[in-house]
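Structure provided below as structure tokens; questions to follow.
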Amino acid sequence: MAADILLDINNIEVVYNKTVQVLRGLSLSVGRGKIVTLLGSNGAGKSTTLKAVSNLLALENGAVTAGAIRFDGDDISRLTPHALVRRGLFHVMEGRRIFEDLTVEENLTAATFALSGRGLKPTPFDLVYQYFPRLYERRNGRAGYLSGGEQQMLAIGRALIAQPSLILLDEPSLGLSPVLVEEIFTIIASINRDLGVSMLLVEQNAAVAFAVAHYGYIMETGKIVLDGPTERLVKDDDVREFYLGASGSEGTKSYRDIKHYKRRKRWLS
Amino acid sequence: MSDLLFFIEVTLAGLGSGALLSLTALAFVLIYKATRVINLAVGELLMLGGYLFFAFAAGLGLPAWAAIPLAIAGGGLVGAVVERGLIRPMLGESPIAVFMVTIGLGSILVGLVELVWGTDPRALPAFMGNAPIFIGEAYVSRKIAIAFAVAAVVIAVFLALFRFWRGGVALRATATDQAAAYSCGINVPGVFSLAWVIGCGTAAGAGVLLGSIGGISPSMGVFGLSALVVVIVGGLDSVAGALVGGLVIGLIEAWAGTYLGGEYKLVTTFGLLLVALMIRPYGLFGTTEIERL
Amino acid sequence: MTAPGETGAARLEVEGLSLSFGGLKALRGVSFSAEPGSITALIGPNGAGKTSMFNCISGFYKPQQGSVRFDGRDVTRMHPPERAGLGFARTFQNIALFRGMTVLDNIKLGRHAHMKTGLLQALAYWGSAQREEMELRAEIERRIIDFLEIDHIRNMPVASLSYGLQKRVELARALAMRPRILLLDEPVAGMNREETEDMARFILDVKEEWGTTILMVEHDMGMVMDISDHVVVLNFGEVIASGLPHEVQADPHVTEAYLGSGDPAALMARLKGEAGGKASAERETREDVA
Amino acid sequence: ADDIVIGGSIPLTGVFAFAGVGIEAGMQDYIKIVNEAGGIQGRKLRLAYEDTGYKVDASVAVFNKLTSQDEIHLYYGDSTGFAKTINGEIDRRGSMIMAGASFATELNDPKTFPHQFMAGPDYSEMTGILLEYIAKEKPGARIVLVNSDTEFGRDPIAATKARASELGLEVVEEIITPPTAVDVSTEVLKLRRARPDYTIFHGYVLAPLPEFMSQAKQLGLETKFMGTFWSMDSSIWAKVGEAADGFMGVMPYRYYYDEADNAPMMDRIREMRPEYQSTPYMQGFLTAMLFTEAAKRTLEAGKELNGANLKAALNSIENFDTGGIIGVPISIPGNSIPVGRIYRYDASAQQMKPASDWISVQE
Amino acid sequence: MQIGTAKHSYQADEALLTTRPQRVWMALFALSLCIAPFVLDNYWLYLACLVAINVASATGLNILTGYTGLVSLGQAAFMAVGAYTVGWMQLNLGTPFLLNLVVGGLVAAAVGILVGIPSLRVKGLYLAIATIAASFILHFIFVNWQSVTNGNSGLTLTPASFFGTPLTEYQQLYFVFVPITALMVLGAANLFRTRVGRAFIAIRDRDISAEVLGISLLRYKLTSFAISSFYAGVSGGMWAYFFRVVTPESFPFVYSIFFLAAIIVGGMGTILGGILGAVFMTLVPELLRFGIDWLTPVLPNAAAMLSPVRTVVFGLLIVGFLIFEPKGLAEIVQRSRRYFHLWPFKK
């Protein structure tokens, strides 16, 4: 395995409740220092992929039944989720999942457990407050009362505290205002650039995902159907139509003009 | 004897038994704080603690200073086993389901104790001495005074721990969202085990104290119910609540028992519980649940 | 309960609404109105108070000041269930389907406030109770399930549905409420372009075929600008702009507080173009642009 | 001929197990004695019983199970609740008489409970016996009643108070304890304030009596503690140790170690069982003896074994010699045998020593 | 308009028993219920009556806890209210027993509403504890309201009479109890075909959004308490006629736990679950009795182990079901139904 590959997912299959197969031979890899985006329609299995990597599947009664996942060259299938975090793989879960009952500051404190046994200098909380000044204002309030966007900031802030080498980001733009989306993606890009953190980014907002990612995968019902460097993907006709909302060669089409029939995706045929 | 002195003595006795309630309530709180489980088997673990002490002290003839830590450790061990075997498989199930598991556990423990030691009540070997204690002129039962001191120290230790130790955050984080706690690098199974071991150990210790006062029997677990009232009044996730709640309930029981009659003890506390819940649905110091749409 | 005949789109007016939580002022004297049969979009930064506004309108929060009027009638002090009876229907930002029920039952539940079966009739399930259920079933099948194209999932438990479908079931349930005003809280959040298109079509069809007044919170500017008739912008609990979509879009305050550059291509260019520089620096750049 | 079956709902486990185990042994032993002597008119006696855990519904289930397996004319029931619950059924069947572990005052009423009886005094008669004793020892004594807040505990309160005032005794305080009380410090404070000469406990087996007594001792209270039948077993008190010394109470039977001359049955028991047998054992033994006597008298009179005949036969017992189980000849005019004796616990000997002669409160 | 799998009518689609095998099985079951009293001995009839009583009460609790999500540990206390009401009416008014049962249910329902009031503010397990409190307070009332309850000694009832015949034998009681219970179960099943039942489930799943969707929490939480305790009251009334003695200790707190355990073992939130759970939890301890009978020759001490073993088994059942089959017996039945598909009624 090439040394510049940080995360390598090879042909994995995932089954929930011993019955529902969700991933069917999915492979992808994340290069060191790169942002890789994973796109796909709802229910394709993107979140499942991330949970398989961070070993959180078991909590939802799911299991990886085939294939291998390597992080930094090691097989991680036997590691507990927290041990994995302490190795530098941090998962920002779908739906924010901040600790509602804890204050903002305690949420950040909780994330310091990721540093246990790594001999790192603790991250100053100020770093987070610098990126997200709003959090500073509300640092002593219960996180459950934050608005959606503020909660998303906190979730990313926790990732910063953990000083990971790879962040799995599950739909960070969900429910954020456009300006915040830009802001957060700017921050994501700068974390990647300045701190050299690699990222696997799952997004529905393809446009911004492509803006920060170096490489992209598109998945459909449990498999990768298309991949390539971002520059190439954004030129693909189907990607343009189904993810970017462009119709043919003209610009973005209006939602008012949507037809009541749909064209089939090429990769489904 | 003056009425005032009598009142003071009753009050002191109430505070003393209240401290025992607080200690038992602490077992509820520790487990709830980390796992969001109301462990209804606390009463039975307390009983088990009494029997373990009995086994070590009367059965093996160990001195009290050895038998007490052993009984507490035994309770902790049971806590670890229970957590591993019964609670962890229930991760992610509804709180009611886990609550019922602990009810089942209580029943199992009672049955096992009956199978091993039979149903006869027994007295524990005395280890606290007999000389009565007088505060000024007021009499305090020695055992109750000792129980009070022990409970005060233990609760103070936990209050300090939760205030100054990062682990307190880990505990509460785990309780709020296990997956998220994992993803922050918190050793969730570790936190679970720790909470159960300490919680059950505390219950076992309380059992030794209680048993040395009133003797032990398989049905002494009902004391857990009174302690449950305490945590509900104090707030399920608050150590301070356990302390204050225990003392308040202890006092009220003592006053009601003395001035109204023993049959009024339970009604008064339960009546008060209902009133308290209507005013503060999450107890005096409990955290309100966030409800947003 | 709705008096017979009171159907069709309603006009909603919010006047001087203020709401605070302890020291936090979530809404400060907000006023706006939603015209009958139109789509009004409520937009604004995160934490601006949009969901809180919805909660005040549907009665879940009690505002400290101001009023909510429904077709001229003051409903500010009314309990949520009564409002549902009047024709307030909504969906939720974080999906609030009843996970223990099937899709069909979830949808049926929406009609609750308009049904009459009492406890005793329910226990006997005889006569009018049975008739009422049958009518409801027929109407749901005819008007909602077919319309939203969810016939294949009607008997599935909602928990097993994908996110997009769950959102659609929420809409279906809201439609079963015989809405005279429909509140949609982020109907397309978490959806890809394709699903967003579907949802946009449904919303437009509801407006056109049912003639319902629609009030919508959404962060997907593409959709908001395309389908809404009127846009209200909240920031820090205050209305900072309102008007036609293109007017609002052009408002510099709105751009600064909420929209940003609004152009992913520009974002991409900027991110890719710059090799160094801190985020804060970039924020300044953007302000310069504005 | 067919066996004569004694049915039994017996609490071999649960809170009352210590009693049930003794009762079962006592009944089995007496049955053995009868069978070895050829049974009743050649018919062997047999005990068919099951454990109830001292729960009423379980007792009823056992009753129904046993009665649908065997023809039963004699039945042993385990609690007041059961005795009352099954009473209607027994009357309806009219085929049996029943005795049991309950000495509830309420059951001592042949009108309401025509087919039941108890092998000893009822609880009010027990406290009555205690009061007789007190009135003789210390006329005008001050008394405190301590009762548990249960049906069992409250049973004799009214009768005790009435009887005390007849005897010129003063009930200075009534203490009711919750059924599960362990910590009794406030109650002891009340006791100290009342300064009684005698404290009568009823409604407990053991706890919280020892704690009561040791705290009272710590406080230097002079009061004498007394109890009723179910807390009179000396083996329970042996476990309590020194604090138990001086505890007194009423007991309708002789103790296992009572070596009185005119008590052949006691010798027989010691012969059959070399180790100590509890007071419930005596109760079971005597109950079986009275069952046998009733059945024997009925059969000898050539009558059918049914409830009415058996009860009539039982009530015909007069000046009956129990072989020394009870120290005086007994009669059973109604549903109880109102005889008993005061014993005092001697901690050094670990035995109950007689403190009075046999006292009868029969009118 | 519809294609493929469309049902002929919504009526058929909404029926309680939708398939032919279901209907046939139900008919067989009903038939065996009718035959049972003629073939069972007194002991089994006794158990059958007890099962009927427990099924009625468990179904009630299932409505409250399984469907509405309000955990109650007061079901036994509500039964006691019904039992006392029935007992008092029987002794003091001599009214017909069916009327007594209904009034017993209504009084219990009224008390249930009162006890349910905290549910408007208090949630989850806090509420469960509030119901414990309520049941202890009720117990206090039973002990101390001498004039009505006769204190600790309780009420001793005369037998119920049906058109002049006193119902004293288990067989007679069976013929009364089983139809009453069947009706109550049917009523519960019907409930969940209508808006009332849906409202309950909605409250269980998420009460605050249910409110915004038009369901009055005040109304429906209290309704659920009322129905549940009505069922308990009627069941308690039957209990009173069955055992004919009602004392404060007749309905101990563990009996409430028993019902909660029953619906968990049976399956929360399914009608079938309430029934199966009550049957199972009533019969298992008795079956253990037979197990001990067989063991006695090998283990002379076995009899003395029955009660602790029962206690352990009771606990193990709860724990085991929750861990291995959280949806309870009802799920096992469903699964085997799927497994056997339409056997033996293959089309």
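As written, the chains take the letters A, B, C, D and E, and residue 1 is the first residue of each chain.
The definition used in the following text is that contacts are C-beta pairs under 8 Å (C-beta built on N, C-alpha and C of every residue); 3 or more make two chains touch, one makes a residue touch a chain.
Just so it is clear, the model here is predicted, and its values are computed rather than measured.
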### Message
Just to be sure I understand the contacts, which chains border both chain E and chain C?
### Response
B
### Message
On the document's contact criterion, could you list the chains that touch chain A and likewise touch chain B?
### Response
C
### Query
If you tally the C-beta contacts, which comes out ahead, B-C or D-E?
D-E
### Query
From the centre of chain B, which chain's CA centre is farthest?
C
### Query
Using the average of all C-alpha atoms in each chain as its centre, how far is it in Å between chain D and chain E?
38
### Message
Rounded to a whole Å, what is the gap between the Cα centroids of chain A and chain D?
### Response
76
### Summary
CA centroids of chain B and chain E: separation to the nearest Å works out as 33
### Task
For chain A and chain C, let me know how many angstrom lie between their CA-based centres, rounded off.
27
### Message
Can you pull out the residues of chain E that are in contact with at least two other chains?
### Response
143, 208-209, 212, 305, 307-308, 310
#### Entry: Residues of chain A whose C-beta touches two or more other chains
145
#### Entry: For chain C, residues contacting two or more additional chains
51, 60, 92-94, 96
### Task
Report the complete set of touching chain pairs.
A-B, A-C, B-C, B-D, B-E, C-E, D-E
### Message
Residue numbers of chain E touching chain D in their complex, please.
### Response
41-43, 46-47, 50, 143, 151-154, 156, 159, 168-170, 243-245, 247-250, 285-286, 289, 292, 303-308, 310
### Query
Where on chain B does chain D make contact in their complex?
1, 6, 9-10, 13-14, 16-17, 20, 114, 118-123, 130-132, 139-142, 144, 210, 213-215, 217, 219-220, 222-223, 254, 257-258, 261-263, 265-266
### chain E to chain B touching residues, read off their complex
65, 71, 117-118, 121-126, 128-130, 132-134, 136-137, 140, 143-144, 208-209, 212, 257, 260-261, 264, 305, 307-319, 322-323, 326
### Query
Tell me, which parts of chain C touch chain E in their complex?
58-60, 79-81, 84-85, 90, 92, 96, 98-101, 105, 108-113, 115, 117-119, 121-125, 129, 132-134, 137-138, 141-142, 146, 151, 173, 177
#### Entry: In the complex with chain C, residue positions of chain A that touch it
39-43, 95, 130-131, 134, 145-150, 152, 171, 174-183, 185-187, 189-190, 193-194, 204, 206-208, 210-212, 242-245, 252, 254-256, 258, 260, 262
